[in-house]
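Please see the structure below; I have some questions.
We call the chains A, B, C and D, going by the order they appear; numbering starts again at 1 in every chain.
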């Protein structure tokens, strides 16, 4: 039997209008002017709610191996948490480690996710070793596997690091097959010098994780990636987890020049700081050790990143969800910040944290929908299946209650973490109902989903290139 | 009886998807996944066509008095031509001349348009004399008259010119009442010196119209308007008919800084040049005398403006439709280019000329729809009534045929002009069917509309501000 | 009998080296490696001292009529104070008021100065009314009168203000005859609106003088002047009393583009602020009412201006010496800041205040000499007669004692002012001996000069243009 | 017996004035106003000549091993040629190869030069392997050896290449000991990919040497070096052989920000191009294979570099003299441009080629002197011994004849090269007389110098830092 979401205000990337949304099976089949839809259907009352496309989190790391441990969320726990937070699609990073066959890395990732996910998922591929075989594999993944984006690292020498020659070759390949290159843009070799010097000076607290990854080295790498992409005939480039004003300037300059350069930021860079979180007393700051790091509140990063979100120099907000518990995981770095696993868990809170920007007057309602759902779907070849409320699209829909309130705490969240990066935060707005491919996963705070409902989605090429 | 537009591909600002569109009366009432709509309705077959929102031309001058004559299109002829070209809403400029009461100017414009228009129309208000009364009138027009944008001139001293003090006061008022300030950004006092010097040197041909309005003086005024708007607490500012690379740079810089600064360009600045058109032999160039002027092809204006369209530093494409016949009108300036009435007629060709950008790979299909319809509607408070295909919106719809071709000529166009700025141009794509508020105006090249169908639309505040 | 300045360290714009300087009559006749000069001469012992060219203050206003009163220093008192401070040449502004014949204004200024000055002086010409006669006069002054720079005002409508057409015409003339255009770059019409609004709101204290002349309106006018100069075929342009970061950015951008654009700042903009001085309690702030105004200490103006001095985006430091006493003069503006005569007196302190920058590590010793003497001499056609220690140059020499200290106070200064803008400041370094055209004016704190020693110097064209 | 250079016009970095220069032994002992010097001395008549400080070429490579051969000029032949061209000091690059002890590399260079040079010489040190020992050696060289500048390479992986961590460490060391870091700024790893791909495609001609080293990769590396220097607490940085507009932009931006960033260009980048020289038919282009490469004439590099010279964003003009004969040397790369030894010989022509810029109106006479002599002397700690005509300075003096003409040809030049990069060029101006430490080396085209006259000069720290 079909379902009509009735009485709500549908919000798209360009505007809002009252409309009723008809779901049949897994898809949206029609939109109606209020009250003109069919009667003989199940009704979901959306009065007073925003009806928005389900969130698309384009950057997560379920079960990622890192620094001798694994990210603490599985596809089961992590996607269930995502569902609670109004995110109905994640794009996770499959990993090729140096020396590994790309397809083997992909197979391993499918094995982790298969039958485990609560919401739909897709994959980017991390290339840890760009060589002739990996370059060939890129073509195969684009053509056959629905993987159209590849992530490279300018940081982490000896682990994921690619040198500029490798980066250039991967970009040339992406230019040819239409894929997107995603870049972790920090100058790793220089950072490693600073880290070693800090440790040698006895500066071992989590705070020094931030100090040894200065803004200049993120801005530098961002600029370098943009220049390499221009040498690769303007290969499309997407800067992940941009955290700093000067990196944003490099992106804005490229975009003003008409380049196919895009960037994402994450909620942590919009709200948290080097001093207040990473510099928390004792080892507390370890909770917020992530790379790129939190930036100084004495500079203007928060202001500038919100501005970048408005002006579209930042196109997407993802979480870079990469959770580690304090116990046994973050604690590996007691006495040496360089041993703390890098990552913050947040897949559950992105939609709410960004809605707070709407409440604060920093973002329009339309832009909120665009940055959390429509643009990531377009950017990564999921549109119009995901990211939009339109006839024929997957029925991935969130009813969002602007009158509700959300309180964040490790006691109540659904991620597999023993703490929260946002402990005690209370914000305006609330995820009310979450629907994935026509199935209600969350309603009235209760969970109706199940492991295995989520399916792998093959992605097409980005439709966002200009 | 309701009508179903069936089998087409609906294109929005964010994507495209196959869908059927149901019209009942003057409005869109539903969108359906292909084949799932009602059967007992009139069918318009849209197979192979793009189904897009009717074009919104945010800058026209029907019957504008200028230089001792009037723009040659009336609301009757001009809006009929608009309809032929796929534009179903125009925003024309009502005029307050210096010394005139603002409301009287508005009344005169209503008198011109009332009962004459073939498509819906709204008004901006030109303020030719900012004083205490005019400032009070701004509040009245916003509150009661559906006029939420006001145009000022930094050019034309002694005619429309406002000095920087007047501009600042109008901006402060707009900041308070939520209106948009539109700016003709050229440094008139400096231009007038160059014009007088050129005439004195015997440089009287149309070509010198362009030479005496150099890029630097458009860039200067654009920059100045942006600075004055910042002094007025970031009053929203919209630069009209931007023509030059360096003016675009000023806009891009402001937008990178998060400012509420927007700009439009026009088809003539994207395709035509100082040398090839304005510099045509004899008096021929008079056809292309408009201000801002066509720019040199030896610089990179075309390239940069297309780039600005992609990057959204240029948000809108309007026509600045202001037609004058060669005979008796443009001819007033034989022997003295400064006496040539300024203006190019193009209201009929905007949708097609911009589609050519899609064919040429300079613009995505989605961005085409956004710049010709969605953004102007949002920018000027017409959305979601205009500019989008959504339940509840006015049924202003164009079926666009990507397989068609359009040939432009004065012999076939519908504007009241004895020549065409685009004579002989043949371009890919064709307006197939035009529907205004549920009524088919154009189909199979035949006209079914009528004078008086078009109504005045009161506008709300811009929903595009960030 | 000749005089040998012996044992000192001669400092030039490019370096320092021990050398002895031989003076014969009014000129320097030789430089010797230490100890190799003649013996049978009068010796001035310069051991431990810097031997530098006498200061050139390129911006003073002796006896300027302003707001119903006159600047309180005459050429007698003002140039005597200059001598005490190590400045041996001033360039004062002769004034043509609107409607006045330029040559008459010049004659009046000669009348003020003739026989009164203690140090050499030259004139710029203020054009208060650019018309055909004034343009012709520019040629005459350049050719015959030794006046090769003309100042225009973008501020003060109704007083000195020129509109953009007038500015353009004067720039074209300067381009032809080789003169320099000097610009007071503030948007006067917009400022006047803000001033009237502030007064109407009862914001009448001196502090509001600063608030109503915001940085954006200095940056705007600076940018506009630069653009107009480009339209005038890159007429050389010199921005006077630049005070703000964003105005400096406009200058830097022009200079990066290879333009003949120069700028000066003044000591007040390098050290004083809106809050600490202009915002002093009661009417005290009136002492620091000058235009451009002091800027906010919460922004980075001081830092940026010092940086501009280092990078040569600021080429010159002048004083804009324009003294008014509190009593009977500044007091005209009690209850209405707009009636406070604009100006700060400082001709006596420039050399010392800038040397403090050397002590603070903000400026090299060479750059100090360059900005206070060599560059202004080159910029305004006084070099090599002034601004350099070289055989054949005028013997205008200062022995500067880096081990001395200078305390500034109205009780001890020599300007005709009842207060000091720098009251109580004590700084490192001290003017030890001052020589003008071979005559010792100041030695051991005693004055040996006399009224009438100073002569009018006809200037050549700028030798600084690139 | 002393010598008086009489009747000439002494030109310094700030101006020109008629003066007579007295030399006694190796030094200048006095400057006199014309005609006031001693009579009982040898007279060199400089009537009609410019008297300028001897040229300082801060970038030469005598006998440099490169690609299996050696630069073809020895210290004997190369410095003799320098003397002919008015250059009286060179700063050559001693080389530490990877794995070599820094001091051994220095000793080897001393061995090459000792007793061979015709003019004075100093050394920079190339660090081919930054490690703990090399860092310690930097301190030793600064303290004891008169070597205060160290060159690193971002290009040539496996040869001179330093990674970003090594660069950062060397910069930190330089920051501490006051030395200057000189940078070959090209992204070597990316260039190597392009080179291999070109060769694989059969693009083996010299022209492809330029194509595979695109501007973007010089701009990128320049920007990166600047960012790394900022992380090293604003370590002073000097970019060598800057060739491209966008690299210049990066330098200008840093300088506008007040950074201690400097750059040099070379005559080849000011006059020659990718198409006209490197693209010469057959293997002819090999003559102009150097890195950074010649740039395209269809862009604006020449215009921009001349502009940078005027604005001081380019501070120095050196030659990067690194000559290879076509026969047996350049010919190594027939069929594979990557095997062509990189380098152009030009130590003999720099002074003349730059004077041509004065004749062409691109550079002032003063700026010519500054860029070829005064600034390099200041930049590299040779001032005031070199680079200035002042009492106490070394008597390194050139009489330059503005009425002469210079014709360049391999048949007449004195460098050990079988061709000339400037074959057949005839330019205005001529080196008339060259004096080194009081000894006339060149007069009336005849050579009076001798091998061994030139001595090693220990340098101090840069006096140019601000």
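Going forward, contacts are C-beta pairs under 8 Å (C-beta built on N, C-alpha and C of every residue); 3 or more make two chains touch, one makes a residue touch a chain.
If you're wondering where the values come from, they're calculated on a predicted model, not measured in any experiment.
Undergrad: Which is the least count of steps on a path of touching chains running from subunit B to subunit D?
TA: The fewest steps needed to get from subunit B to subunit D is 2.
Undergrad: Return the chains common to the contact lists of subunit A and subunit D.
TA: none
Undergrad: Could you put a whole-Å number on the gap between the CA centroids of subunit C and subunit D?
TA: Each chain's C-alpha centroid was found; their separation is 39 Å.
Undergrad: Report the inter-chain centroid distance for subunit A and subunit C in whole angstrom, where each centroid is the mean of the CA atoms.
TA: Centre-to-centre distance between subunit A and subunit C: 57 Å.
Undergrad: With chain centres taken as the means of their Cα atoms, state the distance from subunit B to subunit C in Å.
TA: 51
Undergrad: Subunit B: which residues touch two or more other chains?
TA: none
Undergrad: If I apply the definition of touch given earlier, which pairs of chains qualify?
TA: Touch list across chains, by label: A-B, A-D, B-C, C-D.
Undergrad: Can you tell me which positions in subunit B touch subunit A when the two form their complex?
TA: Per the touch definition, subunit B meets subunit A at residues 10, 12-20, 24, 27-34, 36-37, 249, 252, 255-258, 307-308, 310-313, 363-364, 366-367, 370, 374, 378, 383-384, 387-388, 390-393, 463, 465-466.
Undergrad: In their shared complex, at which residues does subunit C touch subunit B?
TA: Against subunit B, subunit C makes touches at 163-165, 167-169, 187, 189-190, 192-194, 214, 216-217, 219-220, 223-224, 227-228, 230-231.
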